[in-house]
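Two complexes, one shared chain (chain A), two partners (chain B, chain C).
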Partner chain A sequence: MKTFSIGGIHPNDSKISKDCKIEILPLPSKVFISVAQHLGAPATPVVKAGDVVKAGQVIAEPAGFISAYVHSSVSGTVKSVGPRKDIAGNNMTHIEIDVEGDEWAEGIDLSDTLVTAIPEDNKEILEKIKLNGVVGLGGATFPTHVKLCPPPGKKADCLILNGAECEPYLTSDYRIMLERSKEIVVGAAIMKQVLGNCPAVIGIEENKPEAIKAMTAAVSELQSAGKAYSGISVMTLKKKYPQGGEKQLIDAVMKRQVKSMGLPIDVGAVVQNVATSLAVYEAVQKNKPLVTNVLTVTGDCLPMENQHNYQFRIGMPLSYIAEHAGGIPESAVKVISGGPMMGKAIANLDATTVKGSSSLLYLTAEQTVRNAETACIRCGKCAEACPMGLEPFLLQKYARNSMMDELEENAIQDCIECGCCLYSCPANIPLLDIIRIAKGDVIRIIRGRAAKK
Partner chain B sequence: MTTTIIWTIAIITILGTVLAIVLYLVAEKFKVEEDPRIDQVESVLPGANCGGCGQAGCRAFAQFCVESEDMDKCFCPVGGNDVMQKVAATLGREVAAKDPMVAVVRCNGTCENRPKTNEYGGHQSCRVKAALYSGDTGCSFGCLGCGDCVAACQFGAISMDPQTGLPVVDEEKCTACGACVKACPKAIIELRNKGRKNMRVFVSCVNKDKGAVARKACKAACIGCGKCAKVCAFEAITIENNLAYIDFSKCKLCKKCVAECPTGAIHAVNFPVLKPKPAAPAPVAAQNPAPVVSSEAEGRVEKSVEPIKKEE
Partner chain C sequence: MEKILVSPSPHLHTRTSTKSLMRDVVIALLPAVIVSVLFYGWSELLILGVSVASCVLLEYLITKYMLKKSCTIGDMSAVVTGILLALNLPASTPWWVVFIGAVVAIGVAKMTFGGIGQNIFNPAIAGRVFLLISFPTYMTDWAKPQGFIGQSIADAFTGATPLGIAKGAGAEAVAGMDYSDMLFCNIGGSAGELSAIALLLGFAYLLARKVIRPYITCSIIATVAVFSGIFWAINPAEYTDPVFNILSGGLLLGAIFMATDYVTSPMSNLGGVIFGVGIGVITMLIRYFGAYPEGVSFAILIMNSVVPLINKWCHTKKYGR
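For the complex of A and B:
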């Protein structure tokens, strides 16, 4: 069984909600849609208060090359366009819409029928992906159309579909792989065609045998249906965190290593999440913009009947979803958006869902306690755990003393912020906290130097 | 035996002479010419190597002073005007005196004024906290309270007040090097003119939210109402992004704005305590000797401002 070559940890996977079918959340009375739902420049709103919008209509346009369209997820009247606190409590422009009915814009196919015939024109496909605001749903929300256009001189040798879902607790990708497997495969075939018909590999961790079965069945069924589907395969990966990291996945599947500060395309790889693949399918085959996604409501302190996988629309307040799922359990002291390893604690439950929302995870006091920091005993556990082969204990020392040259020499810029070092440290040193800040500084220095040249 | 000794002495002497000549020639060839004035200037500098001047340390600053044409561009905040006069004298130049500055904390979001909305359990560092989210109160602009400024101060001039959770600047010790200004990720610390007899008026808030939002997050927030700007006779106050700012070069310390501010966001420090009589604008109040400046005295005088305001 394949896996990445260095580091990694084995946290308990706690996939409690894996058997909860995807439910569709009813519409709230109001949504607040953020204009910053992707990596890059926030989009520019193109609607104003009083405008009547339909679901799927463009309400904000990209404000740069790395940016994306934002669509209304509901039909109704725009009430205001202005600052509102996001998930981290910072002000960001949100478009407030009063929900009236559920009417979709024209040209959107809302039926369940599977469309397997892929358009031949790649430009048309990319245009559809861009216009429908598809971004990477694996966490970074990088605009997908940019990732699917390799820079001149570079060619994709393999499209990797990330179905690893290595973060504990999260089950949204698992559920869509079970329930929407064929759509995901069609999405993969579309992206594969855009990339010049390279092979496509769907990587899934071994702890999801049913997903592996479902995806394998979907691939073989579609392969008998058309030529466009040849070259797609399913690969079982070892259960190890962070298997779903972009560079780790390339290492596991292709045995190639991305160089420091390099991009996956440098070694001929393009990695997309399975949820992105589904969004690509909907955008290209159904002309449906990215306004829905699946999120997991889970946690050890949540009773089984309150565990859910929800299909939400963007702009729904998190408090509304928590309420609908049966309220926040009393023993929960922290709510996380994303997985427990890389997700962020939510400072403000009035914040709303964005394209990349993946979970509402409730953690108890016991699970979140941070013990007092003690001296580093040089046990080397962090260096063993680091999937990028870095030495976190050394980096944190340099970082605390602002030794920028040494930090750069020791490749701090390669840190993927997976949190393995912090997880493994017996001295409770806030390794990731310190390294993350220093990494930002070093990358700024490197960029500044490159800009000067 | 004797010959061995003689030979040894002879060889060592010849070797020594030859090497001395080589060393002399090398030293002549690769001689580093350095302006002797750099050493002279460095000897009058404080030697704190704090970087407050913008140079890499005291020697780099000395070199900068010697090479710089314009003495106005060189200023050692730690040494102040005295040291700069000495530097100018060493170099045979003239230097204009600069107003002394002091670090001012522009946040009054005490635990009382600014209730917590969540509990921060991460690493106690303002930079780390600011990178994660907006902070544990409703105000996303104010002090985060982890004390990065305290750690940055080389002069022991800043300490955290456990009661308020805010940093306090000891004016006696503060050299206005600006290290705390750079360390604060929320940019709440500003270097301001020390003011006549250390008396200063400033807006103790950096919240740019709209009035209602700011007020909800913190009782002492500037709500951008503009009353202070209207009452100011010297056009020293500007309102931008729902936030008032007092230009210290224009402020005449009349304190009219302090009395006018509905939230008490404008602070007047080190003014002599007045008898409880409606506060007449006191530009000449400075006739009384100013109280001894210390962080504690500052706190007391600051508090005494409020009752006066409430009487009006």
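For the complex of A and C:
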């Protein structure tokens, strides 16, 4: 069984909510849609207070090459356009809409019928992906149409679909692989065609045998549906965190490693999350903009009947979802958006869902409160765990002494912030906290130097 | 939920702590401790008690009254040092000599450098070597195993260790020795050298619990095997054979428990191999050509001193570089 070659850890996968079917959340009375739901420049609002909008209608336009369209997720009246706090508590422009009914914009196919015929014109496909605001849903929310257009001179050798879902607790990707497997395969076929018909591999970790079965069945069933459907395969991967890291997945699937500061396409790889593939399917085949996604409500302290996988619409307040799921458990001290390893601790529960929202994860004090830092005993467990082959014990020492040249020599800029070092440190040294800050400084120095040349 | 906790990722943490690692080392040492107590009786219990108690007490007093920082005895590293020091001494060592060993181990080798994580030399070995040089009579008065069980064993080797005999009378004097005696604690020597099986049990436990990686231990044993194998093949009358060299003296105790000490060994696997080969070669040079019959302690101390250099040379293989 394949896996990435350097480091990695084995936290308990805790997929408590894996058997909870995807439920559709009812609409709240109000949504607040952020214009910054993607990597890159926040979009520019194109509606104003008093405008009547339908679900799926554009309400903000991209403000640069790396940016994305934002659509209304509901029908109703725009109440205001202005600053509101996001999950971190920072102000960002949100479009507030009073929900009235559920009317969708014209040209959007809301039926369940599977459309397998793929448009022949790749330009048309890319335009649809762009116009429907599709961004990567694996965490980084990078605009998908940009990622599907390799720079001149670079060619994709393999499209990797990320179904690893290596973060503990999260089950949304798992559920869509079970419940919407064919649509994901069609999405893969579309992206594969755009990339010049390179092979496509769907990588899934071994702890999800049902998903492997469902995806394999969907692939073989669609085999006859057209040329674009050949050359798609499912690959079982060993369970190891961070298998779903882009660089790690490329190493696991293709046995190739992306050079430092390089891009996956440099080694012929394009990685897309399975949820992104589903969004691509909906955008291209159904003309449906990315206004829904699936998130997991879970945690050890949450009773089984309150565990959920919800299909949500963007702009729903997190507190609304939490309440709908039976409230926040008493013993929870921290709520995470995303997985426990790389997710963000939510500072503001009134913040709303965005395209890339993947979970509301409740952690107890016993699970998450860090113990006091003690002396480094040089056990080397952090270096053993680092999937980039870095030496966190060394980097943190250099960082604490602001030794920028040494930090760069020891490749701090390659850190993917997966958290393996801090997770495995027996002395509770805040390795990643320190390294993350120093990494930002070093990357600024590298960029500054490149700009001078 | 009145207050919401916010902190950077990751939000989960391993259950492994410095304390749990040290506790695992203590558990891994138990077979050797039990065997030594069974075979050496009350005197060994006294040594273990004095050694552990004085190591812990000294660390407590030094952190509290001299360094004036938070006390570190809770991490159990002083307990490990205490047990290792005791296992490195002959069962007949007087209690006050044990105490002096503890003073050197904790007071000099560990705390003067800043306590856990900062010391260059393995504290227990530093203590043992200090005693070996300062009190050679006590330190080479190897008691024949005489404890709760096994009263009349190993008559051929009264008093001296197998290595001591080999040093004095040549390789032929130990040629007839039964290796199963060495596997099962029928030989003279310091307490921890009694039973290879007990030590290997501990090694298996440490590996299974992922406390240590096998590189250092295996490279020491392999180096000793190859080095002595070559000499033995050339002249079996003068040089002892590889199995004898692996099972005798403190080799296994040193290779499993002392050379693998996190703080005083290299961080990388490659560094660990270099470190292990160095220990193996120096050990055999001392055994074959040195003045002492045994060289593991000196070999580990010498290699401890080059660990910073090894760390500087050996880095992990980085992704995409």
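Brief remarks on what is shown
Heads up, the rule we're going with is that the second predicted complex is superposed on the first by the 453 of 453 C-alpha atoms of A that agree within 3 Å, B and C clash if a C-alpha of one lies under 4 Å from a C-alpha of the other, contacts with A are read in each partner's own complex, and residues count from 1 in each chain.
FYI, a residue touches a chain if its C-beta (ideal position, glycine included) is under 8 Å from a C-beta of that chain, and two chains touch if they have at least 3 such contacts.
On a predicted model such as this, the values are computed, not experimentally measured, just so you know.
In the superposition on chain A, A:G440 contacts chain B only, with no contact to chain C.
Once the two complexes are overlaid on the shared chain, A:E221 sits clear of chain B and of chain C alike. Within the superposed three-chain model, A:A345 lies in touch with chain B and with chain C [touch as defined at top].
When the two complexes are overlaid on their common chain A, residue A:N371 makes contact with chain C while staying clear of chain B. Contacts of A:N90 after superposition on the shared chain: chain B is touched, whereas chain C is not. In the superposed model, A:E210 lies in contact with neither chain B nor chain C. Residue contacts after overlaying the shared chain place A:A411 against chain C, while chain B stays out of touching range.
Here chain B and chain C are compared by how many residues of chain A each touches, and C touches more. Judged by the touch definition given at the top, the superposed model places A:I336 against chain C, while chain B stays out of reach. Common to the chain B and chain C interfaces on chain A are residues 333-334, 344-345, 347, 368-370, 433, 436. Those residues of chain A that touch chain B in the shared complex are 83, 85, 88-91, 333-334, 344-345, 347-348, 368-370, 430, 433-434, 436-437, 440. Interface residues of chain B, counted against chain A in their complex, comprise 117-119, 121-123, 125, 127-128, 131-136, 140, 209. Across the complex, chain C meets chain A through its residues 1, 3-14, 16-18, 20-21, 72, 75, 77, 115-118, 213, 262-263, 265, 267-268, 315-321. Put simply, chain A touches chain C in their complex at residues 6, 9, 11, 168, 247, 251, 257-260, 262, 328, 330, 332-336, 340-347, 349, 363, 365, 367-371, 374-381, 383-384, 386-391, 393, 410-411, 414, 417-419, 422-428, 432-433, 436.
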